[in-house]
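There are two complexes below, and they share subunit A, which is joined by subunit B in the first and by subunit C in the second.
This part shows the complex of A and B:
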């Protein structure tokens, strides 16, 4: 497996990114404020209205360093992608499957199996780790429901029905998600998912975590030669990285939700890290976003054993590993796509 | 063959990949995957010397030409000879821009030392077939310069070797036409492969994904 490199997050809106030799140079009002060798970087994520020189973008495109531009609130704006990696044969196979719903469902259901399986094990772990804090009976019941939905998903041959089963599973899981917030419960709660804009602190963090994950996923898919915009479960919609969203399903809970819960339960964030606008939209403060990104970067370095490959890799490489496995499945090396089944 | 466009010609240098591992060749030449490692960088560095298309040296009765593009319609392959030496000899052929007749010897530069497999020899023989076709001559001998030995090894390019090239190349074209990346036997040589992290050789011996998934979810149902 490849080595995980760093991601540079630029959170100040008035920084200009430029290239000097093999280094990225950060400029603020023409003054140098930072300089980093690019060969240590895997990607660059810039928040707010930042500029980047064409020379830097060209350098990064050639070397597979993803540059992503986000709004200050963490909404995706654009990504710099170089010449798509050769591999026409792989992409054609991807398009062929995507165009055929009965073929798509065979891959799509494995994404959903991964998602529900991982949600189930988040719930099971909670019953083990905090039996005195949570309603164990209810959690066990939800876990049982998820188990039985997984078996239905496994046998599902129809995309519409698959979406129905996914909705059912999400409904059960969401009932447990709010109860996994064990600290600062006056300020942090989860009732349902709200976005554009998020309407509470938890949703504000979930939005940012999902965006970062989707972005890593899209970059990983492009890097192995797949088209991040053509999906199997999520159908084509202009500007939507459907395949990235597909593969990300299995990581939402175990990567993003658990991460956000940790920030709350370990009191790394608190109510002062959020700002509520007049319309109820909740924003993270600049300070909060910095804390969030630093913790996210640490999470990426944590090691985990990949359940199918049996290899120890860092969390940050999981999107890459799944993209690679998907490519290898599409090329006929594997009998099915192996989802990331966490326990 | 269904395709005759010269753009579809295979790369000569691929013979070496193909001999090392058919899957490695397919990943590079069919799937267009490439990953640099120490060895590939060393290889590029070594070739900087050979890669000077605009120089042509005259040394006595010898003319040394570098980075010469060659192709063969018969093999449907093209590539670059690191060095081609033309030695003045009455049994040879006339060449463009030089007086007299010349014998033709391809010279290939390799990092490392002579390999146990035939890959370097076959690559050189394929270059010889190209040169024979382009110059209407016979090429019976060539050289491989090994960086680690710091000297060249003489290679006899017999009809047998050239025949072997033809059959290997036919197999390559067959995979290429089908766009097929073969699964292969893995081995210790996988450790030296620059595509190790893309190929995931461990997948070749892994259990099926079906049993992986069903094993995990059946556990669930019974627990």
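This part shows the complex of A and C:
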């Protein structure tokens, strides 16, 4: 298995990234503020507007280090990718399936099964761990609904219907998501998903978590030689890494949602970490984003047992493992794509 | 794993100073400088082997010396730091 390397987050907008030997050098107004060896990194995420030197970008592209640029508010701007890796045969197979709806649906439904299954287990775990603090009857009911939707998804042969079923499942799950916030309930609540812009604290954090996860996923897909922009469930749209969003579906709940809930329930973030703009958009303060990223990095280091591979890996490698399994399925080495089923 | 690299390069001659710069540059490519001629490198076995070969090519075995201390993967409780020049934890969250 691949080794999980570190991610460098640059959160100050006036830092310029440059290359010196095998080191990345961080410059602030021509002053050196940091230097670290690049072989310890697997990706660099820069917030703000100053750039990176072309030499650094070239170096990183050659060595498969992903550089991502985001705005200060965490919106995705650009990603540096080098030459396509892996083999054409695999990518052609991917395009072939993507072009054919009836083939797409066979893969796409496994992403959704993974997603709903994981949501169901988040809910089941809550009823086990906090029976006195949540509405157990309602949670059990939602869990039952999700179980029956999984059976429908399994038999689903049509993409439109699949999206409908996904929406249904999301609606049920969202009802429970708000109740899983157990602490600081005055400042953190979840009614519905809002994005561009996120309108409350919870949505602000979800947006950032999903963006980070989508970047990791896209980088992992590119690393095994797949095209992150050609999806099966999400249709093609310029600038959208559709396949990354597809594979990410199954990780949204267990990776991102649970992460955000932990931040709230362990009181790692509080209401002072957010501010509202005139248009109602809720943003995280710079300090809060640092806390968020630090916690995200720690989560990546946590070890779990991969349910399909049966191997102990860190959370940060889960996107890589799933990308690998997807590539194997497209090559025909596996009969079906095995989604990440968390329990 | 963490490898501590320390060196002494005899710099009385011009070539000595050249060697010193080359050694420092090489070490810097693999790790971070924690003290004047002390580097901490987080490397895997291949990278470590490479670093060793490259360093051996540069130094003059008659005059200089290099020492490698392998601190393994669980190095975090083996290193204590006091005073100035706090180093970066390359495996912890890297946020600047």
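Assume the second predicted complex is superposed on the first by the 342 of 343 C-alpha atoms of A that agree within 3 Å, B and C clash if a C-alpha of one lies under 4 Å from a C-alpha of the other, contacts with A are read in each partner's own complex, and residues count from 1 in each chain.
Methods note: contacts are C-beta pairs under 8 Å (C-beta built on N, C-alpha and C of every residue); 3 or more make two chains touch, one makes a residue touch a chain.
Bear in mind the structure is a predicted one, so any value in this text is a computation, not a measurement.
Once subunit A is used to superpose the two complexes, subunit B occupies space next to subunit C without a clash. In the superposed model, A:22 lies in contact with subunit C only, and not with subunit B.
Look at A:293: by the touch rule set out above, it reaches subunit C but stays clear of subunit B. Between subunit B and subunit C, it is B that contacts the larger number of residues in subunit A.
After overlaying the two complexes on the shared chain, residue contacts for A:39 are found with subunit C alone; subunit B is out of touch.
When the two structures are aligned on the shared chain, A:134 is found in touch with neither subunit B nor subunit C. If you stand at the C-alpha centre of subunit A, subunit B and subunit C are 60 degrees apart, rounded to the nearest 10. When both complexes are overlaid on chain A, the residue A:72 reaches neither subunit B nor subunit C. Using the contact criterion defined above for the overlaid structures, shared-chain residue A:6 touches subunit C, although it does not reach subunit B. By the touch criterion defined above, A:80 lies against neither subunit B nor subunit C after alignment on the C-alpha atoms of chain A. Remark: least CA distance from subunit B to subunit C after fitting both complexes onto chain A is 5 Å. When both complexes are aligned on chain A by C-alpha atoms, no subunit A residue touches subunit B in the first and subunit C in the second.
On the side of subunit A, the complex with subunit C involves touching residues 3, 6-12, 15, 21-23, 26, 33-37, 39-41, 290, 293-294, 296-298. The residues of subunit B lying in touch with subunit A in their complex are 30-33, 179, 181, 183, 197-198, 200, 202-204, 206, 208-210, 212-214, 216-217, 220-221.
Note for the complex: subunit A touches subunit B at residues 1-2, 85-90, 110, 113, 117, 120, 147-148, 150-151, 154, 224-225, 307-311, 324-325, 328-329, 331-339, 341, 343. Put simply, subunit C touches subunit A in their complex at residues 25, 28-32, 41-44, 47, 88, 90-96.
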